[in-house]
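A, B, C and D are the chain letters, set down in written order, and residue numbers restart from 1 in every chain.
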């Protein structure tokens, strides 16, 4: 499996029946592909839709039904549409159960940076600051390193998206949670050793005993 | 509301105007009105919108034609031309979190001075803003936004200006309909008065000044 | 004509084609009866309706279509409905061209009191404070005196509805405007003398020359 | 969302709860749920609503049954029983301008700390409020309102809780649907999923916890 698939599949396990979920562009979008059949998850597109369905069949798209990236989508039975104030009322007001976003950096107390690289790339925060501030649970989907440079760092060098600590970080190597704002390793991906994770991580990680042991056995 | 030929509608807009433009990545943007703005070469504009779409699409046309002095938007990531001009210093781009942008426009339209939002506290978005505590929680005071013109796209208008939008083309359009001095709409369909059910009107007619007449 | 009809008819003359108008309960409601045929005025009910029509024919009311007093109404072609936040967004945001309200007192700089009599009657402000604060033009419909006590006073003894000066006060005796926040007599009702108005008014009134003269001739 | 028998729905509400109740002069109030509240005698309630309707109607039933400790409302003028109990000191009534009440509930539902409104400046409504100047204009800071429960009335619900309201029965219902921990709805009609057009949903299903099952 490629890293993106590993990440998307693992995040899909966090979703539960009846949840309202917002997926960012990039890896997060792929999470929708791994929701178990029969589980009803409502996907919100922040451009004003709950009930986002898959890409339409050829010749069956509407120019006025798209995801937040402007790509044609469908609407599932039970879908609803609304304006941008309502869309962010849902997001900021804590009505979104889970948001899954991409990341550039996450620091060791769980703060995310994902909206600009000063002097180099300034896409803007779009809905990211509201999503991280307001969603009940924030999950970041991110490759563990970029060109062998750690992205899980002691302190973000890039501008923060929010002061809030994210809830879960899923990479192709590991799953990291942030209880009491401390980066805590909770899972190693199959076949990945603790040493591998530590080598690719700059942040100080809390390692629970069961993973220390797992590592000794590896 | 009165109907107005496209050219005449855009002639009302002076260079230097502040303009809210509906749409999200071009979806729900009044493309025809944007084209006419470009044709008439109205420049030095301040554009308030969610994003700058993609190169050569929707608001992206205004970028490419060099008509914009300043943007107040939440996202320019899908238009490299805007990013380049921002880094060049050719245009000024104020980046605003999307939910904050929606609330600031809504506040402008609803006679509110502003709102308190938790979004942006502890980030670059708080620079220059007042921080206010309510019940021990910190919020940014985000002030109302208004503009000289709003250029909107609707799916249906009737002849008194009641508007209905389709699916995700609604986005910022109904908010902007309340927040500008002069509201100009392009509608895909114009229908007789009384055929849009009252419960399905998303922007009441008295908010709309002009609907662009059918070709 | 009874005082209420005089007032309602005179206020109707202030309405113009295309205006969005909010009428309070009491005398203001009667203004709608005097709009000239062919003139399109949009009446807003603050419970969430633009395009309020007359009382329905017997047997043709809907329990969920009422005015702000809970009485059944109809909806004219081109009507629209909305929630209370939108309704007051229209009001506070200056989208209502004219509001017509009843009054208990108006002071000589044009400030209205109309929502409570301490210790005696506390109906609450309802939408009145928003209407007086936000509407483009505020017209008060009020009988000139109550039990021979002036209601147009130097200073309101009752709690104010807003700091804002109203635009026009119409009584059965006179029409008073408030340029520069100074109560200014602009019209006498047919057959009413200046002396009559002055006798029923506690506030200091600016009297333009043409009304002084009219008074001499009376 | 799940459907729930009326009795069970109201059993979830403890005495002493704070409750938002939809409706305007009883129109759009979930009369059946109110009746069951009275039957179960849940007392010491804090009720947030536009008004207290008229004697024996809608929220007026809660007044008459003596179940309310405190009201946060904009208007009690058409219910002399509420006025009498307020002047007696039997109940506490906080009067809030109607537009401010709508915005405070909306803020509570949208994660805002509050809004700045010009309404009430220089009146009794400003007592105890912070005043904030923006661009030389004075506003009151009105803070967000939330409640334990929202009791709402809809015209149509589907089986995932998407709601549509009819005409003037909409009023405060969609605002309250966002501002309470638990949202309970009585709908005149419950329909299969997919038959309400997405553009006609006024409250998206994920906001609704329970819809009272048909008789």
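The rule we apply is simple: contacts are C-beta pairs under 8 Å (C-beta built on N, C-alpha and C of every residue); 3 or more make two chains touch, one makes a residue touch a chain.
Nothing here was measured: the structure is a model prediction, and the numbers come from that model.
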Any chain in contact with subunit A as well as subunit B: D
Chain pair with more C-beta contacts, B-C versus C-D: C-D
Per Cα centroids, the chain farthest from subunit C: A
Centre distance in Å when subunit A and subunit C are each reduced to the mean of their C-alpha atoms: 56
Whole-Å gap between the CA centroids of subunit B and subunit D: 32
Between subunit D and subunit C, distance of the C-alpha-averaged centres to the nearest whole Å: 29
Distance between the centres, which are taken as Cα means, of subunit C and subunit B, whole angstrom: 35
Junction residues of subunit B, two or more chains touched: 103, 106, 110-112, 117-118, 166-167, 170, 198-199
Residues within subunit A bordering two or more other chains: 49, 75, 81-82, 85, 88-89, 91-92, 133-134
Graph class of chain-chain contacts, one of line, ring, star, complete, other: other
Touching pairs among all chains present in the structure: A-B, A-D, B-C, B-D, C-D
Of all residues in subunit B, those that touch subunit C in their complex: 106, 109-112, 158, 160, 162, 178, 193-194, 198-199, 201, 204-207
Residue numbers on subunit A that touch subunit D, as the complex places them: 18, 20, 40, 42, 49-51, 75, 77-82, 85, 88-95, 133-134
In the complex with subunit D, residue positions of subunit C that touch it: 45-49, 62-66, 68-70, 75, 81-85, 87-89, 91-92, 119, 121-130, 133-134, 159-163
Contact set on subunit D toward subunit B in their complex: 103, 107, 110-118, 132, 134-135, 137, 139, 141, 143-144, 164-167, 170, 198-200
Contact set on subunit D toward subunit C in their complex: 24-28, 50-51, 53-54, 73-78, 83, 86-87, 93, 95, 97-103, 105-106, 117-125, 155, 166-175, 202
